[in-house]
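As written, the chains take the letters A, B and C, and residue 1 is the first residue of each chain.
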């Protein structure tokens, strides 16, 4: 792998008494697609603005391609941003908008026209749009123009500040696929800010989950989804089941679980399925709804519980069941869709899942 | 149990008709009201006789001819133009800059700054004229100058700059500041951001402010009357004419004064609708 | 919409834009105003200002009821003018914001032009119109009225007509802006709740337009206490208002300290009245309708 294109070290930023960034460090490799995810106010956009050069940190450092960036204005950084509200210039045509970064770099008009045409093709926009104004285009088309303007100057880093958040679901899906294709074909490093973890998991090579100005977890889509750092990350995407357990013993070979209502053929869990920082005491056992399955009488599984179904939702390809355990704790499980429903409200069901599908962690980690 | 439908005091159609009569009626009446004196002046300027009374003795352009032979009326026209052009330039530039500061920046002295910059708006013109006259008289005694065209221009700029500031402020308020960030991100320097993004987008507001400023200065009476010394502009020339007894010469001057106003207002509207 | 940027007040870019205005209004508005205040404590001798401190002028003002009668008359005229302007301007502003779709711009241009035309000329036009041998009586006679049906020139009625005429546009534009800013869906919501057009107007539009009405009132009041042209030209100078008194004090009597003091009294009283009304207005808002 090539060297890191972006290196952020212990970045801190205060707005008055409010700590927006509390010492963030991040390395991004050349060509990577990184997603910064978190609820609003977590500092993800602030971090992006520091990379773009719209904010200066109180302390810490940012290096892009080995060059220190502190004090370098936004205009001089090899980054380019796609803004949340796109920020297309309303008084310029599409062609002028896209060519603007090159015009500022004193590129001659003929070259600009050629490059603009190339961008239009790359974005799969119609050439007759060139003479139109941004407000005459649809939301998706404006989106592509904004991307074209950001990429024409061949930045080393493309920064995306929730550019898809204002679009309707269908268009969002189309443009998500587009972004992925673009990233693969151009090879530029993408840093994508979003509050939608599902979007992040779909698009990114690595995901950086932030909360309250700190990085909570950094990892690939599978790590984030199946090995969340804590219940906050686990609950951030999709539905999940968190069953309270007690850790009686915990050592290098694994942990010993105890939980009322949870049947385990062997309560010993190998170390790989337990969060590294977990000691003994209360913890949570996570299992995703689609990994549970109903057991026929006499069938056994590594773990099993008995639940009563309270609600059934048909989700198209799958059916989701909401149920409660004997002590009232909610459990959600999901089965592949079938023309005949396997169970109904009020039914008692025994659910089982294998040991390899669990993950045990503490409720909340101090990041 | 369902609640009964609320009953209005008039049925909906009668209500709508009454509202329309009142609203359209009031608008028409006010427009007529606004143009009564203006049309009266224009009509009397074409009067043949010596006195502005009805019925006309005949229709003629002789007072316009008299106007163009009258050298003091020509001087007044020249002074009005010079004062209005210079005052417009200063007021528009200073007012636009102040509007950007007042709307865009959060800084320590923002409220005192905005208050001071806008204060002359709510200050009666005559009193502003008098206060400035006192100021110039005292300064004039120390630095040995008399009131004249320069002091009149300063007075106009003081009075008109807040108007320009308010008009541009509306435009600045509706301006999306991320566009400037976007330009910077595209590689624009501070000057380039202003040249390619900020000014073109604020231009409609600055332009209307300029037109407004020109007309306020062009037709201004109170400040010119106090501050111009012996220099006459068209409005003060008319005033002195009314004071010494009227002749149709003055309606003719008034009509001439209207012309740039009409042209500029129409031009401004055209440009605004295009943009 | 507009993102506000935090800046130090010492930031050079900010100073470059702010200083011209600050210098202008400090040097030619604030300083003259302060000097005017200082002037009120000086004396005059043989129509010449002598820089000697004294309370003579203020004793004079507080002992002569004449000044206060004129001030009272001025305030009465100003408040009447505000009320009339609001009553006339509101329907026009409302029509401008809610009807007149196709003609809205034309009406705006017509009003703007009338507004920007110099007050002296328009006031002079009114003289010609209202004169005994003027247009109004000519039309009245043509339509069958006897003698001089319109005979208000050189009375307070003519003064008031001129004041309303010259200040009405301020009210129309200010109120128009506040009505125009009202979210249309709020009014639809009122209809949806079962309100008639009138009720929706009364319960939603009018309360939401209140800031505009208030701003218009303050602006017109402050400008109306300073009128000079209308009482002089249309009112014939028969019942002078404060501004005329001040002008005479400066020009005819050449008593600068007294003129300055009268100017200050007028301003202070006017601002005091605005603050008083503001207080009543905000009390009413906190305590609900009385």
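The rule is short, and it goes like this: a residue touches a chain if its C-beta (ideal position, glycine included) is under 8 Å from a C-beta of that chain, and two chains touch if they have at least 3 such contacts.
Predicted model, so just to flag it, every value in this text is computed and none were measured.
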| item | value |
| --- | --- |
| Interface ranked first by C-beta contact pairs | B-C |
| Distance-maximising chain from chain B - centres being C-alpha averages | A |
| Rounded Å distance, chain A centre to chain C centre (Cα mean) | 59 |
| Centre-of-Cα separation between chain B and chain A, whole angstrom | 56 |
| Whole-Å gap separating chain B and chain C, where each centre is the average of the chain's CA atoms | 15 |
| Residue numbers of chain B (touch at least two other chains) | 176, 178 |
| Residue ranges of chain B touching chain C (in the complex, touch as defined) | 5-6, 8-10, 12, 15-16, 19-20, 22-24, 26-27, 30-31, 33-38, 40-41, 43-44, 52-55, 93-95, 97-98, 100-101, 103-109, 113, 116-117, 119-128, 130-135, 138, 154-155, 157-158, 161, 165, 172-178, 190, 212, 215-216, 218-222, 235-236, 238-239, 242, 246, 250-251, 254, 257-258, 261-262, 265-266, 269, 273 |
| Interface residues, chain B side, partner chain A - complex | 176, 178-179, 181-189, 192, 196-197, 200-201 |
| Touch list for chain A against partner chain B, complex | 52-54, 73-76, 79-81, 83-85, 87-91, 100-101, 104-105, 149-150, 153 |
| Residue numbers on chain C that touch chain B, as the complex places them | 1-9, 11, 13-14, 16-18, 20-22, 24-26, 28-33, 35-36, 39, 88, 91-92, 94-96, 98-100, 105, 107-114, 116-129, 131, 133-135, 138, 165, 168-169, 172, 194-199, 218-219, 222-223, 225-229, 233, 243, 246-247, 250, 256, 259-260, 263, 266-267 |
